[in-house]
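One structure follows; several queries about it will come next.
Note that the chains are named A, B, C, D and E in the order they appear, and that numbering of residues resets to 1 at the start of each chain.
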Amino acid sequence: MNDLWTTFSTAIAQLLSGDPELWGIVGVSFSVSASALLIALLPALSAGFTLAYFRFPGRWVAISLLNSLLAVPTVVVGLVLYMLLSRAGPLGDLNLLFTRPAMIIGQILLCFPLLVAMSLSAFQAADHRVLETAKTLGASPLQAFVTLLFEVRFALLAAVVTAFGRIIAEVGSAMMVGGNILHHTRNITTAIALETGKGEFVQGVALGIVLLVMALILNVSLGWMQSHSRVLRHGT
Amino acid sequence: MNDLWTTFSTAIAQLLSGDPELWGIVGVSFSVSASALLIALLPALSAGFTLAYFRFPGRWVAISLLNSLLAVPTVVVGLVLYMLLSRAGPLGDLNLLFTRPAMIIGQILLCFPLLVAMSLSAFQAADHRVLETAKTLGASPLQAFVTLLFEVRFALLAAVVTAFGRIIAEVGSAMMVGGNILHHTRNITTAIALETGKGEFVQGVALGIVLLVMALILNVSLGWMQSHSRVLRHGT
Amino acid sequence: MRLELNNICQRYGEEDLFVIDQLQLISTDAVHLHGPNGVGKSTLMKIMAGLQKPTSGEVRRMPMAGENMRRQAVIYLHQNTYLFDTDVRSNVEYGLRMRREKNTKKVDKALAWAGLGHLEYRQAHLLSGGERQRLALARALVLDPALVLLDEPTSNLDIGSVARIEEMLQDLHRRGTGILLACHQDNALTKLCNQHWLLAAGKLTVQA
Amino acid sequence: MRLELNNICQRYGEEDLFVIDQLQLISTDAVHLHGPNGVGKSTLMKIMAGLQKPTSGEVRRMPMAGENMRRQAVIYLHQNTYLFDTDVRSNVEYGLRMRREKNTKKVDKALAWAGLGHLEYRQAHLLSGGERQRLALARALVLDPALVLLDEPTSNLDIGSVARIEEMLQDLHRRGTGILLACHQDNALTKLCNQHWLLAAGKLTVQA
Amino acid sequence: DSIRFATTTSTYNSGLLDYLLNHYANVSQTEVQVISVGTGKALRMAENGDVDLVMTHAPSAEARFIGQGFGIEPLGVMYNDFVLVGPKDDAAQVSLAQTVTEGLSLIMLSNQRFISRGDDSGTHKKELQLWQHLGALPSFAGYLESGRGMGHSLQMASELGAYTLTDRGTWLALKDKLALRLVLETDPRLLNPYQVILVNPVRHQHANVKSAREFAQWMVSSEGQGIIGKFRINGEVLFVPSAL
């Protein structure tokens, strides 16, 4: 593991010294995943809300399908998207293959079912009186929805963190529709795959730790915000 | 996509006709992931409970670290485990590399942080009076814990479904420590990776759909159980 | 504001909870609704407030001549109050914020009136039973509703608080808010009422 | 069973909520605890029941001569009841199940006594306010506790239910259960009490 | 201006392409975006028109690819060779064999472990072809299909003390990390030729054939060939230029 430590400290030193290549790779990872998450968030929350509060035929099938989609490997999502975006595919003219927007689309597809499933569970656990109270105090449907989001904000935060973890750590779709092109679509995970393929395991782990450290920084800031806005709930 | 449909129906037909190779691959996927989930579940729930209900120094760091672990690519977890299990590594004598137990260990490591994070969020959303009521009615600490698990069972079910999705769909660790050896450690995702590498994209998607269908069967049964034991909550 | 119920029937499973042919509540009413536990008082009030659809029948809201329609129409106060997960003050502000009204004075007044002025920045989930009850009342009444449906509003209140609330409701009522009060005890509040409705055995009887 | 409090102080932030030097409650007591909203009645009861640690001081439970120690020691009934997410019957059975006791007769009796016999298989979260309250009482009293601390147990009950509960508590008390009752109203239940404690301004006074 | 160049992991991972492209940047403005994947995937991407040219090492698959009209202007760029590697103790004594066929039969008869890539790659196809010379496809107990790339298959052979067939480039790049040694080489059957092929512009009008052709031509030019010949890892030659 001494090996690992050296490589890791080299990787971090490279980061700190502003090595443009490494920062570029880190930048691709974070910008792609953050974009995907931001785009998917609101539609996913609305879908979760709809599934939680409205009974309609097919609702139950939709929930089962949703949960099952979580079991679809990221590379399969990538493959399907590849087939769509390929020159030979129906959307080939958009010229999106092997670009970051294609990676973003892939990750949107990946985090959407997770966000829906987790927000659905958050909304289901919420007290039914939240919406009733909001409505009776004059909130519009949209305002009532926002109130509900606020009341279950900790569960939603957990959903966002999990979804972000899923997409920033995924490699299948990024590799398939991004292509791991240096300076363009190479992100941390495809770089790890590359290094690993070369037998450079230590390099791979070091890159993984770089990702972990970046995520840690993000989470510590989030956690700090949370712990400074939260007191434990009691019941009398 | 006609292509896809043919391959997919061939794949399903193979499954139904009891093709031993395909069933073997499906079997590896499900037995490995189910074992990992079962082994990880109770320790993870206990850890989630501890983080939710006890204040101790380092708690906040633990939660941040946990959330960050979700962002570690599965291949990195696989790499670290590989280095441990390798002949040259500290646990080389166990001779576990490229076996199913190694895959199970990898997937335990992968689903543990997710289960802890999601159960933590479920426990935090739970009413504080659950434990108080259980205790005052004479429940032992363990009984009170079980009561709490029951009260938040829907959120926990969501956690289990998500964790199962994460590990059944992951390829990085399975590939790394399992090795994708035909008849031994080849599971659905490593088989997909193989087919994809060959350029057999359609085959890859078809295998993905087989996984989706199996997951769907599982989820529909779960959903059926759930919908037959659940009435919507009202508040007066 | 006039609330009209026509041919309301509420049924759970096989059984009718209650059947009410005709009922109305107007802004000049102050009604005490009583009846044994589980007879459907809360259900009826939620139906009147539009929070729950009856199995059959219709609920209509009609303005009365010369009425100021900006007022929040009908507010239902849960028997078991839900407080938003913020502090006391922003709970009171909630309804005003929803209609984009900023009125510090109104909020201050409501807080003072509910005896919560010294707790305005306490997290709502820390409050005692009576404090919760008073906060919920303040949060509703600050909106100056046309009709207010109070479900056991005094269940956790000490005698002083009951008296204070009675005063406040009296004042609101004088200024044109209709009141429907479900309450098992007889106290200062119920004495304020000029009508008594009895819900029992699935039927509503309007008493003197 | 004898519950002893020594030098209890409860403080939130900078302020002392209450300071109580010495207090005891024994199985032959029936105490009415009263005091204004937010004075700390619920907090005190939770401390006595061992559900909350006071800022300082100690709570001791001591058996009395010849007492049957199998009985569940001290039960606190929340002011705002929490019901488990199952049906009515299994809520009542909960405590018995925890001590691995199967006693269908006891459960049936408790259900009948609480007037919930006809609702035994209804999901608890569907119950009305009064039904919830009665279920919580039945769930606690079926355990035959040495001491029971009731936090506003009658707040949602109709007069008939109050009378029924009074009877039941009287019976329990006669058979050796100590009672501490926090209640804002004076009713049949409070009349049953032979001691009155007033918690006000951070001090507890034992009245005649 | 940019072109997309799909190539096998063996050439990319060895570092040859980075080396080559560094030089190409001096003579051309064209940006070459490298997508390194398996041979099958590379040809598939070219077939779909998602790249502009490919470089692979699977003669029969390439012939089919061109025959079906997906690619044009194949050019032999270079070759290296395959070698048999195995555990340090060489339990099957393959190093005593004269030909690769003999070596493989020794492995089979002594029932040692042999890792097959099993992934339809150029290397895998070559391996199957070699077994074919022994009569039938191998079915002894030690024969394991890894279904993975060359690097991982070598790692696996090292971990399991198995033999495997590898291209020399990957072997040289990895051998320091492996508990393996070279047991058999220099059989004419072990040659491993690389070709570049342009995507057929008739099928894919958008393909940047002009720049792709320029790049391909440069690779087979004396300048490009010279650079390939100069590329070394730890002082050893990896690829032999074959166009001149």
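In the analysis below, a residue touches a chain if its C-beta (ideal position, glycine included) is under 8 Å from a C-beta of that chain, and two chains touch if they have at least 3 such contacts.
On a predicted model such as this, the values are computed, not experimentally measured, just so you know.
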item	value
Contact-graph distance - origin chain D, target chain E	2
Maximum centroid distance from chain B, chain identifier (CA atoms)	C
Most remote chain, CA-based centroid, reference being chain D	E
For chain A paired with chain E, centre-to-centre distance based on mean C-alpha positions, whole Å	36
Approximate Å spacing (C-alpha centroids) for the pair chain A, chain C	44
Separation of mean Cα positions, chain C and chain B [Å, integer]	48
Multi-partner residues of chain B (at least 2 other chains)	127, 129, 132, 193, 196, 201, 233-236
Chain E: positions in contact with at least two other chains	149, 152
Interface hub residues of chain C, defined as touching at least two other chains	42, 46, 78-80, 82, 128-129, 151
Residue numbers on chain C that touch chain A, as the complex places them	46, 49-51, 72, 74-78, 80, 82, 84-85, 94-95, 98-99, 123, 125-126, 128-129, 139-140, 143
Chain C partner contacts - residues on chain A that touch it in the complex	127, 129-130, 132-140, 143, 147, 150-151, 231, 233-234, 236
Sites on chain E touched by chain B in the complex	37-38, 40-45, 118-121, 144-149, 152, 156, 158-160, 179
Complex contacts: residues of chain B adjacent to chain E	86-88, 97-98, 175, 179-182, 184, 186, 190-191, 193-194, 196-201
Chain E to chain A touching residues, read off their complex	4, 9, 13, 33-36, 47-50, 149, 151-152, 154-155, 173-174, 177, 204, 206
